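Read from first to last, the chains carry the letters A, B and C; within each, the first residue is number 1.
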Amino acid sequence: MTAGDAARRPALHADVRVVRGGSPITAAFDVAPGRPLAIIGPNGAGKSSVLAALAGLLPLAAGTVRIGGRSVDGLPPEHRRIGLVFQDYVLFPHLTVLDNIAFAVRMRASRTTARTAAEPWLDRYGLTALAHRRPGELSGGQAQRVALARALAAEPDVLLLDEPMSALDVEVRAEMRAELASHVREFGGATVLVTHSPADAAALTDSALVLESGRVTQRGTLAELRANPATPYVERLLEASSD
Amino acid sequence: MRRAGASAAAMAAASILLAGCAAPSVGSPEPTTPTTTPATGSAATTLTVFAAASLATVFDELAERFEAEHPGVDVVVNSGGSGALAEQIVQGAPADVFAAAAEAPMQRVMEAGLVAAPVVFATNSLELVVPAGNPAGVTSLEDLEREELRIALCDESVPCGAAGVRLFADAAVKPVPDTLESDVTAVLTKVALGEVDAGVVYRTDVRTAGDAVERVVVPEAASVVSRYPIAPMTDAAEPAIAAEFVQLVTGDAGRTVLEHAGFGAP
Amino acid sequence: MGRRTAEPAARLSWPVAVLAVTALAFLVLPIVGLIARAPWGELPELLVRAPVLEALVLSFGTALGSTAICLVFGVPLATLLARAGGWRALPRRLLRAAVTVPLVLPPVVGGIALLLLLGRRGLVGAPLEAAFGVTVPFTTGAVVIAQVFVALPFLVFAVEGALRSANRRTELAAATLGASRWQVFRFVTLPLVAPGVAAGAVLCFTRALGEFGATITFAGSLPGVTRTLPIASYLAMQSDPDEAVALALLLLAVSLVVLLSLRDRWVPGVRA
């Protein structure tokens, strides 16, 4: 896969309404390939629910999800071609690193084919030495690499990242941010990142959307948000993080 | 109608089970003549009696009487299968008196040197019992040879089963049992529930089951008699009290209570 | 697996150690008594007696059969129980209580209950006999039914525990990677719960093998048909304690062999 692929990858169009714990969450946005969108917001704003709705893990109360010209909101998760990296990675504890990454291909091909297809991912993510370890034996940074490689090895059209840094120690965060940004660039498809950290968002993109209490309160580039915060939350958040 | 019958039988079965499980039962804690021994009170002496399951009711009554006559003595009756009780005693269970439903278990305890001179104090004989209404029309021991009937007997390793083997030998009958139970109570339960068409139990047990079972008179049964021996343990904590309890059981008072329960004279 | 980095040994404080050793002694010493009391010299002769072999074959056959039945019905029941977390409190607790009943009920009472249901005058047994001429008590089938009744909760609770630990989100992650429902079950759920299922089956088998009260009450005790090893052992205790001890040792040996042979491969907690 090269950066040239990005041009042929589809865009994501989302206009979703879901109900979680009795309260509605509404968000509409478009994400172009190669230009990730960061969904920023406080805890409990409904960010993860939006991702779950896109991936098909949470039913839509109303709205639509389209990838390129293809409507996927009626499809089960396994047919959407949407990769999701969970906040706590949710690796398969009974499978080795190699078989975790080979999982998606294994669903439609033999074990040998799947493992062969997974080899280059091990190499690219620096996981070759860990190929036969189980998730329980990995550090946080290693687990994150496996989770990302596992999602991307499925060759999804869209990549969703749910708080990818929150499970990591502070010391390794900066390093992992750069690494993640490089992998996401390499992927080149439509990418949505959920975070409450402006620094994490900035590492991957400058396009942002703010979700508060289930509603979109502002959208624009990070610079625009900082220059012109629409809510006290945005103002505080970007103030605190500004250098 | 049918449901009512079944649940009545179930109640009877439950009461049989409860009677079987009632031991160990402690006699009345309240001496009837409390004034005679003011200081020593009730905590002074405990007499532990190991008695065959079929004796449980009788011995509870006798224990109460003994306590009334001996203020300060607590009688504890531990009842169970005679063989199992004998094994417990040989393994060192603390008994003061042992009363068995057959002579073999007593023999085992005697061989271990734990009793000296057992005395036979009662006899029992077997009876053929059927569920209320006698649904299979059982009239004699020969009916136990009918393949299509459900028959419950005691296993020959327990006294009631050993007596049964003698009875069938005397009567020249070859029964076809569906189950060989570990004690008489289990046979009686299955008859009371109507799960079997006939069973062989002790005469004294029939009374426990009440209306749920009926007796079928078999003349041969009178000839096969189980003899119940009793003896104080040689290592009893209070040999004098143990001997007195044995005297109560073998004496006139004991005779009356035993006869009332259906036991025969030795 | 040896490559796990050695964690600093978690040392027990002495009160914990003392209590733990006491508990262990409490479990093991009666067995020591049994072994010490065993008539080792006559053991070979005692164990090849026809009634003993008959009881052994019957016990093994019925315990294997009831374990198979428990697996077929118990795994779905465990799934139901694990998913009941989202139910209202009352039905959820009733379900759990229903599965727990055989654990708290004295097995003899369980046997009576089975008679009242499946006996000749039972709720189901009476129509069954009227319609098909089938009676259940005093058959080898009744032994299996009694064993299933007492052993099923062991399997259900073991599997339920495993299902709970197999996080629902792990299954969702598999779905986002293209796994169909069947593939999720085949490649994720099943391998994650397999150790729990195996451990539950082993517990279930050993419980069935040792079952006594419900069996003798519901199925009776006829050599070769319903007299299993525990019943044979109990009866032998009445007349021939040596044979009873020999039978008990046989039961013990069988259980130990089963538990030890399965330990490393299946019982959870060994694997990283």
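In the analysis below, a contact is a pair of C-beta atoms (placed from the backbone, for glycine too) under 8 Å apart; a residue touches a chain by one contact, two chains touch by 3 or more.
Everything numeric in this text was worked out from a predicted model, so none of it was measured.
Trainee: Could you name all chains that are in contact with chain A and with chain C at the same time?
Mentor: Common contact partners of chain A and chain C, which must touch each of the two, are absent.
Trainee: Find the two chains joined by the most C-beta pairs in contact, please.
Mentor: Summing C-beta contacts for every pairing gives the maximum at B-C.
Trainee: Distance between chain A and chain C based on Cα centroids, please, to the nearest Å.
Mentor: Roughly 46 Å separates the two chain centres.
Trainee: For chain A and chain B, let me know how many angstrom lie between their CA-based centres, rounded off.
Mentor: 78
Trainee: Could you grab the centroid distance between chain B and chain C? Build each centroid from C-alpha atoms only and quote it in angstrom.
Mentor: Measuring from centre to centre gives 35 Å for this pair.
Trainee: Taking the complex as given, what residues does chain B use to touch chain C?
Mentor: 2, 5-6, 9-10, 13-14, 17, 81-84, 87, 104, 150, 152, 155, 157-158, 177-182, 186, 189-190, 193-195
Trainee: Considering the complex alone, what residue numbers of chain A touch chain C?
Mentor: 55-57, 76-80, 82-84, 86, 90-94, 103-104, 106-108, 134, 136-137, 150-151, 154
Trainee: Which of the residues in chain C come into contact with chain B in the complex?
Mentor: 108, 112, 115-116, 119-122, 126, 135, 137-138, 216-217, 219-223, 226-227, 231, 234-241
Trainee: Taking the complex as given, what residues does chain C use to touch chain A?
Mentor: 4, 167, 169-170, 172-180, 183, 187-188, 191-192, 272
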